[in-house]
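Following: one structure in structure tokens, then a few remarks.
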Amino acid sequence: MTDGNVSVPSERGENLVEVRDLKVHFPISRGVIFDRVVGHVKAVDGVDLSIPRGKTYGLVGESGCGKSTLGRALLQLTPPTSGQVNFDGVELTTLPPNKMRSMRRRMQMIFQDPMSSLDPRQNVESILVEGLQAHGIGADRTARREIITKTLDAVGLPKWALSRYPHEFSGGQRQRIGIARALVLGPDLIVADEPVSALDVSIQAQVVNLLDELQTELGLTYLVIAHDLAVVRHISDTIGVMYLGALVEEAPGDRLYREPLHPYTRALMSAVPVPDPEVEDRRERILLAGDLPSPANPPTGCRFHTRCPWAQPTRCAEERPVLRQIGDSRVACHWAEPIASGELRPHKVSAQIVRPEDEGDTPGMVSAPSEPGSFV
Amino acid sequence: MIRFIVRRLLQLIPALFGLSILLFIWLHRLPGGPETAILGERGTPEMRAAIRHNLGLDEPILVQYGRFMRRMIRLDLGSSIATKREVTTEFLQRFPGTVELAVTALIIAIAVGIPLGYLAARRRGKLLDHVSVAGSLIGVCIPVFFLAYVLKAIFAENLHLFPSSGRQDPTIEATRITNFFVLDGLMTREWDAAADAIWHLVLPGLALASIPLAIIVRITRASVLEVLGEDFVRTAEAKGLTERVVRQRHVLRNAMLPVATTIGLLTGGLLSGAVLTETVFAFSGIGAFIADSISQRDYPVLMGFIMIIAVLFVLVNLIVDLSYSLIDPRVRVR
Amino acid sequence: MTITERARKKAEKLDRLGELSAVRDEERGVSLWQEAFRRLRRNPAAIVGTVVLGLFVLVAIVGPIFVPYGPTDTIGIREGLVKSGQGIIPGSSADHWLGFDHQGRDEFSRLIVGARQTLLVGVVSTLIGLAIGALVGGIAGAAAGLGGRWGRWLDTGLMRIVDMLLALPSLLLAVSIAALLGASLTTVMIAVGVVSVPVFARLLRGSMIAQSNTDYVLAATSLGVRRSKIALSHVLPNSLAPVIVQATLTLATAIIEAAALSFLGLGNPDSAVPEWGVMLADAQPYLGIRPALAIYPAVAIIITALGFTLLGEAMREALDPKLRK
Amino acid sequence: MALLDVEDLSVTFRQRGKRTVRAVDGVSFSVDTGEVVGLVGESGCGKSVTSLALMGLLPRQPGISVGGKADFDGTDLLRVDRRAMRDIRGRDVAMIFQDPLSSLNPVIPIGRQVTEVLSRHRGLSGDAARKEAAALLERVGIPDPTRRLKEYPHQLSGGMRQRALIAIAVACQPRLLIADEPTTALDVTIQAQILELLKDLVRDSGTALVMITHDLGVVAGMCDTVNVLYAGRVVETARRRPLFAEPRHPYTVGLLGSIPRLDAGRGDKLSPIPGSVRDVLPWADGCAFAPRCDRQVEACVGEPPQLVLTHTDRTYRCVNPVPPIGSPAAAAEPAAAAEPAAEAGPVTEEKPSTVPAPREEESA
Amino acid sequence: DRGESGASQKDTLVFGVAGDPKVLDPSLASDGESLRVARQVFETLVRPEEGGTKITPGLAESWTPDSTGTVWTFKLRSGVKFHDGTDFNAEAVCVNFNRWYNATGLMQSPDVTPYWQDVMGGFAKNERDDLPESLFKSCTAKDATTVDLAFTRVSSKVPAALMLPSFSIHSPKALEEYKASAIGGSADNVQYPSYAMEHPTGTGPFKFKSWDVANKTLTLERNEDYSGTQKAKLKTLIFKTISDENARKQALRSGDIQGYDLVGPADVEPLKNEGFNMLTRPAFNILYLAINQKGNPKLADIKVRQAIAYALNRQALVDSKLPPGAKVATQFMPDTVEGWNPTVTTYDYNVDKAKQLLAEAGATNLTLRFHYPTEVTRPYMPNPKDIFELLSTDLQAVGIKVQGIPLKWTPDYLNATSSGSDHDLHFLGWTGDYGDAYNFIGTMFDRQKPEWGFNNPALFALFKQADSTADSAARFELYKQLNAEVMKFLPGVPISHSPPAIVFGKDVTGVKASPLTDERFATAEFKS
């Protein structure tokens, strides 16, 4: 265990969720006759985090750094390769499937794309009833109806929405349906994977406010995943910054903004545009070179050293830094203190070319055209 | 690439093994046997029993299969019960006809279908579009054997433009090398033989092409329409490229991928179509021969031919898959 | 413009705004199927196809009641009018609108009665193909999409078998099925149906695998819904659209394929119930003396197949998710 | 005289069985040489259609009609014939699109896609073209450019693809560059790189840039002049600083209030605009924003609001604008707003968030 | 325009046939197409008269039996040469007969030497238990032109059966050279020797030239050294396989071929009217409805069988479905064969009588399984399905329920009708091989057969007696008696004799249609 392990887990501790050394590796397999595993996409590669009850943990990072995979692994939707996930004192990774299924009532998920996460052939009522039925909540139709109506109210949808289908709603309303689906089971934890990034600016704000209100009213615990630092900053108590499958920094929101310790966090902060010309004009940008390396073939040592303007000839390329506690923050950088003090100055980094992993279609996926033609 | 080919070929072995077992059981479960076909009306039960015994058909099926397998491993497919010729000989004599016919049909379908589909897409909603879509719909719905009869009635019987039967005028003395008549004619410089063989291909080719043509027209049209709406076409337009360049370099090539898939899948159907087309045009090929072999329970021919066809089918699809990677660099064969 | 007029106009516009934001409480939601149906109703091809098929089904259902002569009544031979062996088959007359067939039966009556059988062949064989194909494809798709390692094995096994079916030329498959079962109507339906199994199986499987990777399946999993229920109530219904389209198109093909089997002599030989494919095949020897005997059923087949195809294509368009908002 | 003068541009989509959509409904703005002009607005407000109309890239279909005028250095881009437009496109006016992956032809190497512009407009071919292409890639910051020329789009990462797309656009040193949400598909760190690159290009070459985005943050860092669009019309135009400092149109105010800011604290409430962009009133019937507007008065409905030009070089389209900060009206504002709202009667009683069913899908 | 071939080509005839020949050695053949080729390339000792069935000289000028009727002396034509230049003589005849007689191994398989086994029964050394003693005993070459064939007993088959092309005389040299008797391969992998596939060598007016399987054509050319009465007029004769009946017709019309066999009855009149040279063969066949007395016990009742016979409107069937010239059959053989009896019991169409007989037999509620073939046309039944439909309509009219069972000709139909007992009714026919009544009625009724399911020892004995009567006049009388007996016993209902047609191009003459399909293309020529 690293020295980042600060909070002592207790039976009904203050932390609702404890994640220890979680890894999710997706095998890459190919072979001549039988597929052999030739490598792994290390989507999540050793993450520790704890989420206190009633608080919001925000997770940010570039696309492909493993945020969604972490969220899903936490909910056991993707089986973790190793590590532990402790939810309210119950170890989830070893829970038998049946128990896990009933456990799901207490932890729910909100998805990025409100359209694709709703079954287009279900009307809102059956979308909401499905979870209730799965867990046997509500004695009969009327009882369930009541629960549903209350939830609809909570997310600000009218009652007539019940008989409607997802495609009849606007994006914001759809996202409200998604939230209602999560809420209807009365969960303790909600994992929101990019809950607003598919929405228009004005709608985004409505949903952010809604999430905020619901937390206050229902005492929910959130894990909010987003690539938009500003959104995360707005709703999170603690923010974790991910890079290539691992946390590089974790700190309370204000502190992270005021005193980013990890070079990547700094770069990220400086890249987020602020809708204020005054701020924009004054800002000093730390531009990162190149793109995120492939998680199938991550750099050795510190994963960030290939793009880091503060990278040093020693340690960075060989030794993988662990999360260390510095003040309120936990940071995974060998040189965090000298960088913070200004002792180390950034230097120029040249971009390296990065290959996107497996975007091509394989011929096996070419689907048969469903053409008629009897040939006779 | 080579790995991919090797992998696909190796995968073929268990598949063929499975296919041979299924096929063997299936064929031998068909009621009756070759002896009835051989003897016709004149057969007596004793004579039938004698033939069955001679052919080893009275042995347990496992023993028979074992014998078949032992021969297979030596790549010997045995000989036809009906014609008493080696199965491979039969295949080499009849398959070229089917290939010539299928290739002709494909050439007609591609040469007419792709431009027509493309034009229909460009003129979407105009007369040409409607005509070609309606034509292709009818093309799919018309029974081939009926179409064949009509074609012959018009072009052979009345106009005497094309011959109505066979692969080549038998009065032409042609040398046979590969049994691909056109190819043979070209190889031996017997131009009249080659020309006559092509002449004989026109009507059956047209009949067999009707469905692939219809399908290709529609796939091309749909695919071109889709590509026309793609972002990169807009980019190409934004570069101010001439219309010809946009069309050839950007639209057509991208639209070809689904068309290539379709062409690969059409090969299986062409074989089916060939059964009827060959019968109606008295065209020597494997289609009608296999159909006859089924009714004659010519087990060695059926086993051999279908196994060879299965291998060829896989090979054709392998080639199609490889051709994707030529058309589309995103497709990595592995 | 007078002031009152302006005021009235303004009031109208205000009403409009009110209308815009009014709650239409009483209305029920429109499901995707209803949406597709609406789109379908506006498509001229669909209308033509439906009218053709409507007529066809109508004739199939009530036609046999109204035909002037029994479909197996060999009047022409009884009355000595038909001598097909000597090349004499009279054409249309006042009593027999389309003349006689080669067995001296009233061609018009047979054509009408034949519609029912043709419909039956088309529908039953498509249903056979659909049922088996959907079962195989559905199991494979569910196994591959949701079943984990075991599921992948099951899927691979099933699909290898389907691939083998696909490698055999369909007509030869049909011929050998007919050889196993003997020539009969059932044979034709089974043979034609089995031939379309691989298409349905692959289509449904592909579509189910695609659906299995969607977020709403993940959402259902995270709700704690059982996998079997997810497969049945989410994945399957959402994968059906292409299968339904294919089924409509297969109906057309099935009718043509049945005719081809008849042509090869494997069709339903029982002429007590006339069928267009069989009629077309039976007319072959008489093409020289009365081509109309082939043309009537051929045209009937073409029109019907066209009707199914038009409807199928229109449905494909209507159900296309790309066109959905 | 500005480089580009768009006047009263309108684009109408008429489709059988669907309601006629006026996607762009009288947009006017102008771009000076070397200026960066932003077009901001939410999804569906007509930003892309505007840019496509200017480029002459709207699909050639019956039912799509374009009106108005777009004067580019003396030629009206909307009236010029197709062949002449092909000469202008890529040479004088170039465009960058949102999704770099789908905007590059997947089956043609990057190099070819760059050289084909060079040969079309600059007559370069063969080695000369390849050299120039490599130089262009170098210029947009693609490492090892000669090797990249042979690669296909899918072999590059998202950022590199967008750079390649920019290289294609600037290949002929166009006088006007239209960038339609060039960074929306990219990560923030990459976005920062690309924006920096665009700024450099504009600065170095004096190219005018029309920057289309929905991100006010991007606008704040880049643009000289900003046009805020709503439902196909420009609702407010101003220089960058005044706009952010003193937004006048309620929509602009709402937008700014909706954006979570990195420099704000945890839990600061956002003040979103209620409803969604689908709740629009046709411009002909009044102010399209009225159904969502909290400053709605009776005058909003009936006549479409006129553009108001203030002496501070700002225009807005509102009958009841937000008063400038520190103005006397600002103090009296709550009352002023409340009073007409009461008169508006039924309009304000409806909660706009309850507006049902999409309108676009209804048949005419 | 390929419709009219140029003047130089007028000596080439392309003739359309329905199937590929199977083998070129007629000893091994039983299919019509192989035999058609053999008839042009080979000659037999005796042969049918042109256009008829009577025995006329072939390679033998005369033939006489000895007093026992078991040894026949053949006087051979002299100066005859085989295609390979060797001489035809008595020695060659004996080589041929001994080749057949001494066959071993696979040569004894019933599918390899079908006609030998049909006519002669067995071999020198029978390798199968079910083979009877051989009828043939020995061959002695007395001198170059005289040969004695000895038989083990008197038989109606001698010498008529020697007309069969299967008894064609081959060149001994070629037989030796191309290993004609070496049928190779293993049990399930029979392969014919090259003689049978590529080198048939006879004495006929045409020589074999080539067999192009890939083009489905077989080419013969004129034997310039032919020693017979008349050299072939055609230089080249090509048989082209076109299996589909319509396709053959269209090929003739479009000029691809100048004649074809197996003309559909419906096409006879139209083609004739178009000016094609339509030849009608005398009907030398019989189509009959077989009644299986084992199938349904009621069918063992003669009254039921008579009722069935009365129920059938055979005249209507012949009128409407068969080509012009077809006749209703009164017995199981055509009237052109000696032994035909004009006074047999006849059963004319009579519905009332049929109903009455059924009532008498207590079989008013009879359901019969009626098998009929599909996918076949035979000279005696051009359209079996149509025939079935008419027959079953007739039967239903008298109250017999019919359960139609369609079966594919091979293997299902032949299997079902000739071995099992699942069938009650079926129809089948026979085309005579040579002009002897025994070849018709004897093949059908001379022993117990599953096809009929009856056992009538008296009848069988009478057949035996007829077969072994050496005196032909006496034999013919016995045949007449047999016909009368059979029609009284009524094992089945003879239906019709149907004249098959063969058609030639408008300008082709010289061919005479033969009831035995023994058309001689040597006499064919294009009229200018």
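Each chain gets a letter, A, B, C, D and E, in the order it is written, and its residues are counted from 1.
What we mean here is this: contacts are C-beta pairs under 8 Å (C-beta built on N, C-alpha and C of every residue); 3 or more make two chains touch, one makes a residue touch a chain.
For clarity, every value in this text was computed on a predicted model and none was experimentally measured.
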Touching chain B and also chain E, the following chains: C
Contact-graph separation of chain A and chain C, given in steps at minimum: 1
Where chain A and chain E are represented by their mean Cα positions, the distance between them in whole Å: 87
Geometric centre distance via CA averages, chain D-chain A, whole Å: 30
Where chain B and chain D are represented by their mean Cα positions, the distance between them in whole Å: 54
Euclidean distance of C-alpha centroids - chain C vs chain D, Å: 48
Of all residues in chain D, the ones touching two or more other chains: 154, 354, 356-358
Sequence positions of chain E contacting 2 or more other chains: 246, 375, 408, 412
Multi-chain contact residues (two or more partners), chain A: 158, 160, 168, 359-360, 367-368, 371-376
Complex contacts: residues of chain B adjacent to chain C: 15, 18-19, 22, 26-27, 29-31, 137-138, 140-146, 149, 268-269, 271-276, 279, 287, 290-291, 294-295, 306, 309-310, 313-314
Residues of chain D that touch chain A when the two form their complex: 42-43, 141, 143-144, 148, 154-160, 187-193, 195-196, 214-221, 240-241, 244-245, 254-274, 276-278, 353-354, 356-358
Partner chain D, residues of chain A touching it in the complex: 62-63, 156, 158, 160, 168, 170-173, 200-206, 208-209, 212, 227-231, 233-237, 253-254, 257, 267-281, 285, 287-292, 350-356, 359-360
Residues of chain C that touch chain E when the two form their complex: 72, 74, 76-78, 80, 82-88, 102-104, 179, 182-184, 264-266, 269-271, 282, 284-289
Touching residues on chain A, where the partner in the complex is chain C: 72, 75, 77, 101-105, 107-109, 111-113, 116-124, 130-131, 134-135, 158-160, 163-165, 167-168, 178, 181, 185, 367-368, 370-376
